[in-house]
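Right, one structure below, let's go through it.
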Amino acid sequence: MVWQLDLAILTLVVITAVGSLMVKDLLGAAILFGAYSFMMCALWSIMGAVDVAFTEASVGAGVSTVLFVAAVLRTSRRTRD
Amino acid sequence: METITSIKPLLAVLVSLLVTPLLVSSRTPNVREAWTFVAAIAKFLIVLSMLPTILKGTEIVYTVAEFLPGAAIKFRVDSFGMLFALVSSSLWIITTVYSIGYMRGLKEHSQTRYFCFFAIALSATIGVAFSANLLTLYLFYEILSLATYPLVCHHQDHEARSSGRKYLLYIVGTSIGLALPAMLISYNLAGTLEFGNQGFLAGTASKPLIGLLLFMFIFGFAKAAIMPFHSWLPAAMVAPTPVSALLHAVAVVKVGVFSVVRVLTGVFGTDLLLSFDLGSIILVVCSFTILVGSLIALSQDGLKRMLAFSTIAQLSYIVLGIGLLSPKGLTGGMLHIAMHAFGKITLFFCAGAIFVATGKKNISEMIGIGRRMPITMGAFFIGALSITGLPPCGGFWSKWYLLLGSLEANQMAIVVVLLLSSFLNACYFMPIVYKAFFCKPEDSLFENKVREAPVCCVVPLVITAVISIVFLFYPEPFLELATMTVSRIMGVQI
Amino acid sequence: MSQQYPALLIIVPLLSALLISITGWINKRLCFPIAVAALAVSAYSCIGLLLRVVDEGVIVYRLGGWDPPMGIAYYVDHLNALVLVVVSVVALINLIGSKKSIELEMPGKTAPFYALYVLQVTGLLGVVVTGDAFNLYVLLEITALSGYAMLAMGDDRAPLSTLNYLYIGTIGACFYLLGVGYLYIVTGSLNMVDIANILPPLYESKAVLAAFIICLVGVWLKMAFFPLHAWLPNAYTHAPSAASSLIAPLVTKVMIYVMIRLILTVFTPEFTFNILAISEPIVWLAVVAIFMGAILALAERNLKKMLTYIIVAEVGYMVGGAWLGNRLGMTGAILHIVNDALMTLCAFMVVSNVAYKLKGYAFDDLKGLFRKMPFTMGAFVVAALSMIGVPPTCGFFSKWYLISGAIQSGQYAFMVALLFSSLVNVVLFFRVIEICFYEPFSDHHGHGHDHHAEPMAEAPVSMLVPLYVVAGGLILVGIYTSDIVNYVIEFAIPKSIL
Amino acid sequence: MKIIGLIIAILTGVLLLSATADFPIFGDPDSPASTHLSPYYIEKTMEDTSVPNIVTAVLADYRGYDTMYETAVIFTAGLACFIILRIFVREEPGDRLYRHVLTGVTVRVKEGAKLPPSDDFERIDTMWTPPDLIIKTVCRLLIPFIQLFGLYVIAHGHHSPGGGFQGGVILGASIILLAISTDLRTAVQRMREKVDAILCPVGVIIYAGTGALCILFGFNFLDYSALAPLLHVDPITARSHGILIVEIGVGIAVMCTMIWIYNILSSGGKYDEGL
Amino acid sequence: MDNVFLYSSLFLAFLMVLSLYRGVVGPTVVDRMIGVNAIGSKTTVLLILIGLMYHRVDMFVDIALAYAMLNFLAVLAASRYFQKRKGLYDELP
Amino acid sequence: MGDLLQIIVAKYNYWIYITLMMIGLYAMIGKNNLVKKIVGMSIFQTAIILFYVSIGVKKGATIPILEHGHGEHGHSAAALIVHAVDYVNPLPHVLMLTAIVVGVATLGVALALAIKVHNRFNTLEEDEILAQIREK
Amino acid sequence: MDIIVCFFLFAGLFFFTGGAIGILRFPDFYSRLHPAGKLDTLGLLLAMIALALFNLHHFSVGTLLTSLKMILIVVFIFLASPTATHAIVDAGVRAGLAPWVKGEERR
């Protein structure tokens, strides 16, 4: 547990979260959400939760992003907010 | 007071309930009506079989299930309940006969439904009569309200539906909105709902709360049609006449009054009411109802509507009798349940018979009808006398006792009210009789070749009329039951 | 074997759900018998468990053989066992009753539907039986997910309303999880009993307060307590009838159970009623909920939607009753869980029967229904009477307790609300009955008032029999109320509540 | 709506933030959370289960019941996606595209028309683009390694981070990668829907069945030490083995569900052409 | 040596911010993809660094490996989208 | 100074989790697009996971995998003694594994529902959908 | 030994920095792909070598295995990263992005 790194990544996480909600394009939101998951994964390894980090790496980064992209493919990318 | 446990009260309640499946499954009308008849007779016999025991001063008790300490489904047959049960079960037989004649005479639809709900309503009536506590009473009261709803709406047209709605709104609305919370509050105060000879609320609450409870109970049982909550009754006149007869003479309104009386005596107790001086409230309310009801009746043209307002007035006599809180007054009030029942049902039977025979509903169309339907109108005359309280009929006794009671209680105003009301009664009944017999009939009556109504319609009304007269000379079972009740409640011999 | 009842009642449905989804790919006809058998076993174990609990008191079942604070344990007490019986019996009856309707409404997808149905029941049973705060969350999610899937199978608008339900449901579940986290951070335990033991010195802590509020709000979201109810009416209205008649009676009731469990076991009544002193505002909220539910129901012209608003009002009953803070109110709330589950089941099974024969359940579609489906409507009348609160039916008795509780604690507003709601129920149900009874059947344009010309098109016997079992149950439960209260509920409420 | 959302969010935030004042200090070794239950897990895991990865031990043994439902949740999600989205269409309306394998000629078949009976034609997506050679080759190279890695993660969950769930996701991801790099059809040919859908519950059954087996031996549900006589080992090792069995079940279930959900979502329920 | 790793990782985090700028701001979706891909490769190194700081790097390698794989998958999926749907913007509002 | 910093950092961790949660909650209520709401939902869930994992953190402790426990039995007794202070609290991690899985499951179902809604209404904007419903 | 590790690590970080700046500063999508694809891969390679070497400080079978795994990551990235870059370019082309020409506005 290194608090400096923790702090840095936490900031990144918030930026990514806000970014993925602000982007006016659902595909972009999906991609940024993937980035958000990466950050979370890093964060959790910093906190020593390796199993959680592993799960987040495989689920958040891999599967959920792909699922988002698949859903966006079947619906539309348009969004007004 | 010794008590014995017996299943008879339950049987008396259930007998008409159990017959409903048979009614539904009957193939032909004859079978169906036979079953109804059998049930009516059986019910009457069961009730009758308990009479000697009660007259001996014993009570019959039967507990079905207990939900809470002091609040169970429990039957207790005492003299007052017996009085009411006797009236209603005997009149059911007669009404059944009359119904058969009436319904067939008019070729009404959905007769099976009619007979079924009639049977259920009677079950509930007996249930109310025999209930040993407020909960049981409330239960059967609600069942009765709901079972009579299809009867009120029998014609299924717009008018019937709106009347049905009104009926339900008044009856169920008040019972849920006022009677139920009052019941719960009193349960919370006293921890029991069992009717006692001197009530169970004594010493549990302050005067304002008791007054509030009294108010909630009196108006909560809106079937008693005390004035602000009376307007369902004229509206319910759209129902077929046997139903009106049932509503006004036997089951519904009497259940309301019975419940009020029960509550006044069994929940509050006369001592409590006396000590808090709450009787006068009842007297004021009832006097108002009596006078205003009679006055409105005077202005009605529809025969059944007139009878309805007459009923409103007459019902308040009963409550008034209790409100007097004197032994004689109580006796008079209880006796009036029976006397008014027989008188009023005669009148309704007559109205129905006229309708079956001529299709006429309004008083103004009935000029000279007595010449075509002498028996019917003769019975009408007797019924009117009974209601007015004039000697050849049983109605005399109840009015007599009420007058005595009000003298006993030093309520001279009530004496005036009673006399005035009797005068008004005479005012609205006698012109009908006069016109029927002594005026020249209109041509229309002859064009349609009006004759007496079917036998099934005429016989019952003759019977009830005769019974009304008999009561003058032999008021025994009812008078004795009433006096027994009063002596039990007040602790005095009359 | 009776030692393993607590495990069996969960495991058998779970395994059978898996089996169903396998057999669905092999032979579809086997699915229904498996589901029925599983639920029957589960109901049997639940009843056995209830009897055992009545005999022996609290039963502790250690999953994995670990002692409670370490492993997960079931604590089956009277409250649990009662709700378990209700859940399993309701689910079983509804499953049997809705076979035809499932086959009609979801041709080709019956097998997964049965699987989801059984999973839902598993989840609900698990939520009720578990004694671990986090385990409850997982089971809640199973319930929720299978519920979403089933609700989404309805008409055109079902997916949208289900999606809304999903958002709200997720927020609710997450709030609950958050609350458990707050508790964990100050106590270090997840076991409900263990938490309750550790909490007393921490009652002043703000974290505990926040945990309590957050848990409560989460549970309220899931149970559609008034200001948070917006998702419920649409989600239930557009759902397939078999799903709504499972979910409507059970899910909200189980959530109320969870709330009562939180109050009674986790936070203890001492904290909830004495230290917090927020019961008055919550009862007021319940009053508003009842009023709003009743009024919104009045505005509806669609039978199913009307019923959903009534559910909102009924939730108000139970929340208010539980928060009265006295024994009578709590008894009323617990009793009403049982009664309301049965009442709602009966009403929704009627709706399901109607939907089976008719196109829709808007009021205009219901004309002349008494002629057409007399038996179904007979049961409907019983359900209506119970919801109104007419004595021999069970609805009266729970109302009785609730009002008594309100009087005892001096919350007269709650009493007025209950009475008002009963009155509105009278209006609502008799309006429906009137339409079904008196309006001419709409398909016959030429006949008008000719009531005899309408054909009788009653639902099949397989749907009617369960319906009548439920209708009979409404009256039986009413008659045996005293037994339920004296032998079960009396022990379910801790002695500290007076 | 936005303002309401803002207000609600801020209210919740303020409530939660105010409560943090009473939290133990971040990372405090003496906080209740670190002193009440977790020492038991940390110190006794090795004795009780002989699994060095405490998380795995707690996950699959102490709190194995949670994990069983976690698997069931995943399975439910798969089933839910299936029932919500899956459309069974025998013959699609509209044009279909076929490609002659040998020549690479694309044939457009009008509605209702039929192809000459030949094995040379393969059905292709309506918006077909020739598969990218680079991606296809690299993925073909990588997929076996990914799968191997997934199996390793499942099997090595006792000693290092990982376990059934992570391994299952990685295995599932390998099939998804196949679908992305070539075509959904190719992936479905490798892993038919029926197989997929049956393996899903089978995975959960392995888990729950292991637990139920313990009941049959007279122990409590999920008490793996009941399996000792069956595996011919001592109860502690039996727990370790039980965890492994369970992890395998989780792996199977998760893998299949991930593939299933992906296929259904990306094909919009038709299960023919996807991302 | 720990300090070296610490400051390296902090520096990496700073670099991630730079890449993230492209991810959040990037005018088109493909720009975002570049940014995210770059973040992915940095995070891989970061994970190993964290492992080294914990002195338990053998536990973190697996994560890093899985991470690299799945990052690849996500990027492929996102770019694959453009083979199915033409245009930078789906339907212009 | 170090202690003060530590406390600030501690608060920082919780602040961030609450911030994330607020962002997610706001997105779920305030956003108009259904998929955006789902993104918000995921963020909301991860925020809670962050909170839980923060509970488990222990200063100066290592990851919750026993260091010398590579399976071989018959270690000396000294090797088997494990000090709880040396390892991070594993329980929150276990819980959060479950929570992540639940999150993914919910995500899948939500996306499936969103696709279904899009099939029906041909848009993902909530107000447009409601307008379409009202028109009918 | 530490010096070698530091050297490799800093070299890796240097290339990473270059990549990040490139991503940030280059004018258009295609040009940005250069730093993203090349520099990142190289930076990763160098950094990984550094870390693998450091890991071999306490030489044993376990650490060797770990180091091998790190190299495996590098191999994997070497295969995957160009492919990913290729896919992104492909996507950009299909999306219809025109390359930037000198004198145009940066985008």
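Lettered A, B, C, D, E, F and G in written order, each chain numbered from 1.
Keep this in mind: contacts are C-beta pairs under 8 Å (C-beta built on N, C-alpha and C of every residue); 3 or more make two chains touch, one makes a residue touch a chain.
From a predicted model like this one, the values you see are computed outputs, not experimental measurements.
Asks: With a step meaning a move to a chain it touches, how many steps does the shortest path from subunit A to subunit B take?
Replies: 3
Asks: If you take the chains that touch subunit C and keep only those that also touch subunit D, what is left?
Replies: Correct list: F.
Asks: Measuring from CA centroids, which chain ends up nearest the centre of the complete protein set?
Replies: Of all chains shown, the one whose C-alpha centre lies nearest the global C-alpha mean is C.
Asks: Looking only at C-beta pairs in contact, point me to the busier pair out of D-E and A-E.
Replies: A-E
Asks: If you average the CA atoms of subunit E and of subunit F, how far apart do the two points sit, in angstrom?
Replies: Here the centre of subunit F sits 19 Å away from the centre of subunit E.
Asks: If you average the CA atoms of subunit A and of subunit C, how many Å lie between those two points?
Replies: 37
Asks: Could you work out how far the Cα centre of subunit C sits from that of subunit E, in whole Å?
Replies: 47
Asks: Counting only residues that touch at least 2 other chains, which ones in subunit G make the list?
Replies: Within subunit G, residues 76, 80, 83, 87, 90, 94 contact more than one other chain.
Asks: Specify, in ascending order, the residues of subunit A that touch 2 or more different other chains.
Replies: Correct list: 1, 30, 48, 50-51, 53-55, 57-59, 62-63, 66-67, 69-74, 76, 78, 80.
Asks: Give the residues of subunit C that touch two or more other chains, as numbers and ranges in rising order.
Replies: As it turns out, subunit C has residues touching two or more other chains at 134, 138, 141, 145, 148-149, 152, 159, 178, 184-185, 190.
Asks: Report the complete set of touching chain pairs.
Replies: A-D, A-E, A-F, B-C, C-D, C-F, D-E, D-F, D-G, E-F, E-G
Asks: Under the stated contact criterion, what part of subunit E meets subunit F in this complex?
Replies: Spelled out, the residues of subunit E in touch with subunit F are 54-56, 59.
Asks: Would you pull the subunit E residues touching subunit D in the complex into a rising list?
Replies: Touching subunit D: residues 58-59, 62-63, 65-66, 69-70, 72-73, 76-77, 80-81, 83-85 of subunit E.
Asks: Going by the contact rule at the top, pick out the subunit F residues touching subunit D in the complex.
Replies: Checking each residue of subunit F against subunit D gives 6-7, 9-11, 13-15, 18-19, 21-23, 25-32, 54-61, 63-66, 69-71, 73, 80, 82-87, 89-95, 97-98, 101-102, 104-106, 108-109, 111-113, 115-116, 119.
Asks: Which residues of subunit D touch subunit F once you look at their complex with the stated criterion?
Replies: So the residues of subunit D in touch with subunit F come to 1-2, 4-6, 8-10, 12-13, 16-17, 20, 23, 25-29, 31, 33-35, 37-39, 41-43, 45-47, 50, 52-55, 58-59, 63, 66-67, 69-70, 73-74, 76-78, 80-81, 84-85, 158-161, 165, 254, 261, 264-265, 268-269.
Asks: Sort out for me which residues of subunit C touch subunit D in the complex.
Replies: 4, 7-8, 11, 14-15, 17-19, 21-22, 25, 61-66, 69-72, 108-109, 112-113, 115-116, 119, 122, 126, 132, 134-135, 138-139, 141-142, 145-146, 148-150, 152-153, 159, 178, 182, 184-190, 198, 205-207, 209-211, 213-214
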